[in-house]
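Both complexes shown next keep chain A, but they swap its partner, so chain B is in the first and chain C is in the second.
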Partner chain A sequence: MKAEAPNKIIKERNDYILIKQESKNRSIKCDSDSIAGSVSQRACVYCGARVVLNPITDAWHIVHGPIGCASYTWDIRGSLSSGPEIYRNSFSTDLGEEEVIFGGEKKLERSIDEIIKANRDNPPPVIFVYATCIIGVIGDDIEAVCKKVQTKHNIKVVPVKSPGFAGNKSAGYKAACNALLELMDKNTSNMGSNSLNILGDFNLAGEMWIIKKYLSLFNINVCSQFTGDSRCRDIKKAASARLNIVQCAGSMTYLAKKMRALYGIPFINVSFFGVEDTKESLLKIADVMCGEDTVKKVYFYLRKMEKEANERLKKYKCRLAGKKAAIYVGGGFKAISLVKQFKSLGIKTVVVGTQTGKKEEYESMGDLTDAGTVILDDSNPFELEKFIVKTGAHILVGGVKERPLAYKLGIAFCDHNHERKHPLAGFEGAVNFAKEIDSSINSPVWNLLGAGQQ
Partner chain B sequence: MIELTPEKLYNRKSLVINPAKTCQPIGALYASLGIHRCLPHSHGSQGCCSYHRMQLTRHFKDPVMASTSSFTEGSSVFGGASNLKTAVKNIFSIYNPDIIAVHTTCLSETIGDDLNTIIRQMEVPEGKFVIHANTPSYKGSHITGFANMTSAFVTYFCESSGRPNKKVNIIPGFTGPADIREIKKMLAIAGIDYLIFPDISGVADAPMTGDYKMYPDGGTRIWELRDAGNSTLTIALGEFSSQPAAVNLENKCGIPFKVFEIPIGIESTDRFITGLVNLSSKDIPYELEEERGQLVDTMLDSHSYFFGKKAAVAGDPDVVAPLAEFLLSLGMIPKYVYTGTPGKQFDKKMNKLLENAGFSGSIVKSKGDLFEMHQHIKNEPVDIILGNSHCKYISKAENIPLVRIGFPILDRYAHSYFPIIGYKGALRLVEMMLNAILEKQDRECNDEDMELVM
Partner chain C sequence: MDRNYVNLTVNPCKMCMPMGMVAALKGISGSMVILHGSQGCSTYIRRHMATHYNEPVDIASSSLTEQGTVFGGSENLKKAIYNVIGLYEPSVIGIGTTCLAETIGEDTARMVKEMKTDPSLKSISLIPISTPGYAGTQFEGYFNALKAIVEDTAVITGKSRALNVIVPLLSPADIRHLKLILEMFGIEYIMLPDISDTLDAPYTREYKRIPKGGTALSSIARMPGAMATLEIGTTIPEKLSPGKFLKDKFGVPLYRCPLPMGIEGTDTLISLLAEFSGRKVPHMITEQRGRLMDSMIDSHKYNSEFSAAVYGEPELVLGILNICLENGIGLRLAATGCKSPLLKPAVENLEEKFKNNLSVMTDTDFEKIQKFVAGCHVDVLIGNSDGKWIEEKEGIPLVRIGFPIHDRIGGQRLLSICYEGTMRLLDEITNTYLSFKESTYRKRMYQKYFN
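Moving on to the complex of A and B:
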């Protein structure tokens, strides 16, 4: 691959950009801190921890810090619950100047005391206490406070060490995974178990329910879900599963590796985005979990579902053929799935980037795409704009901050993040995805633009 | 949230649940967007900047740009000076703004970065500016941050050249783009020559052209900020959001100031217009008389639907205060009047307003939160809620119509194109409230009670 920088890209950023050519002579730089002064699309350690843990529906998520960190993360994930709704509230110790000077431990303790006292009839199974930037600086010992209130009230209180500056979002994922590990019962055995854990699905728009539906067809039990629509009691028993399946590799590989080391639970990577990946993943799971007869059944089922999905996708394929896509998402594994999914719809990926992708993942992206495709790590709106315009992409797939940028550039958009409108997982998700891409690319509103972008 | 909000009020002094405010930096960022070719810069971890951009993007449905110092563990030990210097260099060479408006965060404030010194030591290209405001997240709220950054514009730019310009400075407060357009319209009709800052119109409501402009056409120009030091008078709209800048301007350039409420509703608009007319010593122009007449006409037509209806109002103090007054003039009862922003003067002012109107059963609270307001509503319900999108949980749980006013509005579109300010804005408020009340009635009444004419 050859590096090529357009005008005025920050010099230090060149290493983070690749334009795929016929030969490989350089690999991408990734997995490091953002460069000061860039309009980065990335978030912080706390954000990483919060997005992973927030979908635990019956937990109290108390943010220890000034008010902002709690305000901005109040129910923003779009992960659905089949029961408790406590996680959709926003709890903050709202630290003031006094605590910044004299320490916030007392206020944290009082905060927890107060609310436990008021909810004595209906106590929470677990309280997460998130440390934000300022806690890392003023030196509150939240671990000690958590231990103290845990003993006092006999309620599990788990510290999440996530000061914003201590790394990037990936460090936050790790902090969350450590909190999850702490929640698990250590003395369970997975001998003879026939259940698995789902790691890295957050039940956005109900996607976890789709995956579970497939598994239940073949009598595969789900032990715990990390963390979409999960409850404390499920997470506790996670160590008794036979297998971990990992979808969001960016946030959950660490947990999977830890569980393999601690409890001997093997893990496999899966993806339920796109017909191809859904099929492959279910077969992979069946191979481990089911006997030969069931695997056969799975095979038949998948063939039927694939046929049905492809039938329904036909209409969109004709409407989308020849279009070009740009992808900018959080993790590398999802980006790879999307490239494949676009390919199956006859859409070429011309730009693909992630906030936290790993070297191997960028290599896979390179393998899957054609020459000229731009590959980006930790990009910014300026670069995205440059490359979208240069490559003539018709649609951008991204998150909240990218949506209006795409529209302003006169191209279509699909949210594959917290604001997705429909479930995009599984066979029905693959159809939804095509439908969503079609409804944005082929909206008549584009015809009203002066330049006639489409 | 339904299960967690108990009817029984309990003593809760430390923990904030479901905040009615957020932190200073986002207010500072909001103010900075109102300066032409200004790039807001967050001096802290990259999460802050990401959250603020995300929240504002969701509010405006438009791209919002800001850069960050991307603090790491090292910078939180050794200070963020070198990060900021690198950032500024990168920003000018890549994003090429005319001004970089730096706001601090809880992190940089706590480690004690001295922005005055850091900026003085910087190399700033000819004709470019780096300015700053101290906006510690652990003090005040987003409104305080807005006020601090607005005041920083005065500190850095306003100069008295000795040549009076016979203009009036307008500081519009934390208001939306359409509100500022409405203020400008009223000023133009009243024949007042003015300078307005910060001015987010033409920035956050930029039109779709198919061409993306990182710096849209709107925003106060630097020469205007400079010239504001030569004006005859400053009109500050909103005690919380605009008064500090007006005081600063008086101290610095000797310009007297008047504080009005943000003209929301008929009374505060009357006072604002009277204030303007007194300046130009002309009669009230017919256009404004006509608008007022149309408003009163509609209020009379619909008064029976409003009379005696109870309302809960939550939001920023400068918006909530005039809004509560407007409710009174419609014959409604502001039952709960809440702001998350701290400030005893709010409680005093609101209690006096309600006392004068003869209502003693209302609850007024600064530094309050939406959880507590919800508890009160459970004990004594209201007919309508006025507030930001976060009130939708209460609205849903209690089946009370919500009219979205304030910041942030995350779940509705086009609000930034329509004012709530002035007579036209008051007319819109009447329409929104009436629609909310009547639609509920239509939806819920028995078939035999449904009426065509209302």
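Moving on to the complex of A and C:
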């Protein structure tokens, strides 16, 4: 082994980078472990599990391990609740040296005993116990502990197998989905049901509520929400739905497939980002769920909404035409929606990448973009910087980790991750998005950058 | 331990050791950090720091997976080092361990030693630092890293006129201010660490992956030859003290002073600097002191009307206590998530002097702090953004200071030390109370006295 050539992309990383050609594109490598020292933007298995389960508002989320994992994930996401707020707390068994040597099972059990004792009047409907790195190596049998306390206290205690090193973030999604499956009542029938489950929306700034409002206009009931603003009792009855609609495909396709196999519930992919995707998704849902009359009603409603939104988008389109965008987000579905959304605003996507995209998703990105577009899997600050500079992108869409890089490079930024505090979904979200892009790209601050500099 | 739950930490008032280690390393010139462990540790810490400093905080990981965890992670670590060198061209790489690496028994020091035999790595300093997340908080991680760097780098050199200045985790603005004061005294100094530019870099046309600034390793090498070490902080455990190490191993005289916060705290520092430099206190500093004194007189009556609770890293907590107590703010609580055996006696001393009915909690969590402040009369919270939950739930306004501040902008620019910073922080605290008073007193008086 020796040092890589200085100031060059890591050789091994080249397979994960694709420059779109006019024809004959090779396929991109993806869905594998991050390369040591590449400064990946991904987090770990625990992170994947935590982001999926955390929005369940009445659950107690106990992080079993040393303090860091719990400390850095305390109430940092913008998932809103219509009621309970217990999920906004951070619970940790806070293991120290002693437990690392002698095991943490006893402490875990005692911690749950304490919770039950302190909350006799309002016992937790469910406790999730997340296994962190340490638990994976010191050999704590958290499944056994969960089973034991579950019987002892007659409450649901679900282990989440998420030691940080046991795969990448996608493995954490799967661990979370398995925990959700364990929570569902198995003996429910969905015969004659007219409700659906929403999978892969986390109710950031009320986005779940926006989607539900659309559905309620067409008399479609929502059975369970995975997992934005959901409660334990809703998740329990999920098997009684007629259809699963999947938005965040990266985290929820596994669950949808499992539910199809176990309960015969079909699923369709949807996206509520952008006018076009919102309209198409609602029509798709209506086709499955509604009678002919209602479908017609849906169609007229959507035409009206589309017209209104487009009217409001007009002024932004004028101000944004001809700009270039770079996208680096968590999952493929969002990246694809963003490319389309930018296109509708007259903005060309010149860089697009994700932390955990799948092969088919990267192919879609290739289909939607022009030759020369850079497609990236599991990228890092070095590559983002190189390609942003090379392509002359005017804005980067990403999460808060990417924000300072964009600003240091002197370009605009849009936060499309879980920490934002305004909705970007649905028709109103599409307008918010354009407004946000405009407010950053066309800020007067950029005009000053060259001034006064030698 | 001061917690309501014995086996559970609820809403932690602390972070882990690698966090402190990264903060220390970011103050070393030309440095990069690798955390030996799974990918999440580095990414979480990056996110936490990036939202506070509003700067790119690049941290590499050896990205241990199951394979590395079972069969050893040396190949991963080697690969990480070579890749980081290619991407960042650092002159120093700090290699911190994580819970995972320590638990599976990774001998990072040996791995690094082996790597040093590679001639292509000759010009790069690789510094292994043991920071298992479960063995302490960011406070211990920070000093552990500083001590490891000094141990690794300091060599016997000729005597110099320089003063070693070792600082706890302050804001970049604080460090800039401290440097300015040292310069006003004409003192040649070696500041360890120096995050003044690295974590608050000016905008430049050309982006630098490793920002300029930070303490040069060559300066740290010369620390044993300094005329003295000034270690700012009185709660640093002896075994983690870089100043103590320099004294024991090289006989560098060690002076310790509290964080220069408040009149007395700053006086202590300024008189030490006057002594070191053999100069009179510069006029500008005397003016600043006078202005602070004037501002304290202006606000003392308002400050006597309310009470506060303070939490955070032990050193900062003590500094803030000094500011509050000196000006008659009623203090109810001093709390830290660290074990910090030195904080309790220090607070008890202050309590003896000021008789404030002040409680102290160490190794505590926000659940305990919340119950405490809700149960006694507290008007203002002072600490980092993690108190926002209590602010929201109990309706007690929070003055943000320390790390992390991720729900407000400008944490890196907060100046809170010496006369100037004390004045700003005290004004902020007073104004937080006044804003409450001004917006509620009409209604309160009406409710109390009308009819």
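Methods note: the second predicted complex is superposed on the first by the 441 of 454 C-alpha atoms of A that agree within 3 Å, B and C clash if a C-alpha of one lies under 4 Å from a C-alpha of the other, contacts with A are read in each partner's own complex, and residues count from 1 in each chain.
The working rule: a contact is a pair of C-beta atoms (placed from the backbone, for glycine too) under 8 Å apart; a residue touches a chain by one contact, two chains touch by 3 or more.
Remember, it's a predicted structure, so these values are computed and weren't measured experimentally.
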| item | value |
| --- | --- |
| Superposed partners chain B and chain C on chain A - clash or fit | clash |
| Which superposed partner A:K284 touches (first chain B, second chain C, both, neither) | neither |
| Contacts of A:I138 with chain B and chain C, given as first, second, both or neither | both |
| Touching partner for A:K435 - first (chain B), second (chain C), both, neither | neither |
| Chain B versus chain C as contact partner of A:K257, first or second or both or neither | neither |
| First (chain B), second (chain C), both or neither touched by A:I86 | first |
| Which superposed partner A:H422 touches (first chain B, second chain C, both, neither) | neither |
| Partner chain in contact with A:Y46 - chain B first, chain C second, else both or neither | both |
| Partner chain(s) touched by A:N168 [first = chain B, second = chain C, both, neither] | both |
| Interface residues of chain A shared between complexes with chain B and chain C | 8, 10, 33-47, 62, 65-74, 76, 88-97, 99-100, 107, 110-111, 114-115, 118, 132-134, 136-138, 164-168, 381-382, 385, 400-401, 403-405, 407-410, 449-450, 453 |
| Chain B contact footprint on chain A (complex, rising order) | 8-10, 12, 33-47, 62, 65-74, 76, 84-86, 88-97, 99-100, 107, 110-112, 114-115, 117-119, 122, 132-134, 136-138, 164-168, 381-382, 385, 400-401, 403-405, 407-410, 449-451, 453 |
| Touching residues on chain B, where the partner in the complex is chain A | 1-4, 6, 10-19, 21-23, 25-26, 41, 44-55, 57-58, 60-73, 75-76, 83-84, 86-91, 93-95, 105-107, 110-111, 136-139, 141, 208-210, 212, 214, 340, 371, 390, 393 |
| Chain A - residues contacting chain C, complex | 1-8, 10, 33-47, 62, 65-76, 88-97, 99-100, 107-108, 110-111, 113-115, 118, 132-134, 136-138, 163-168, 380-382, 385, 399-401, 403-405, 407-410, 449-450, 453 |
| Residue ranges of chain C in contact with chain A within the complex | 4-12, 14-16, 18-19, 34, 37-48, 50-51, 53-66, 68-69, 75-89, 98-100, 103-104, 118, 120-121, 132-135, 137, 201, 203-205, 207, 209, 367, 386, 389, 406 |
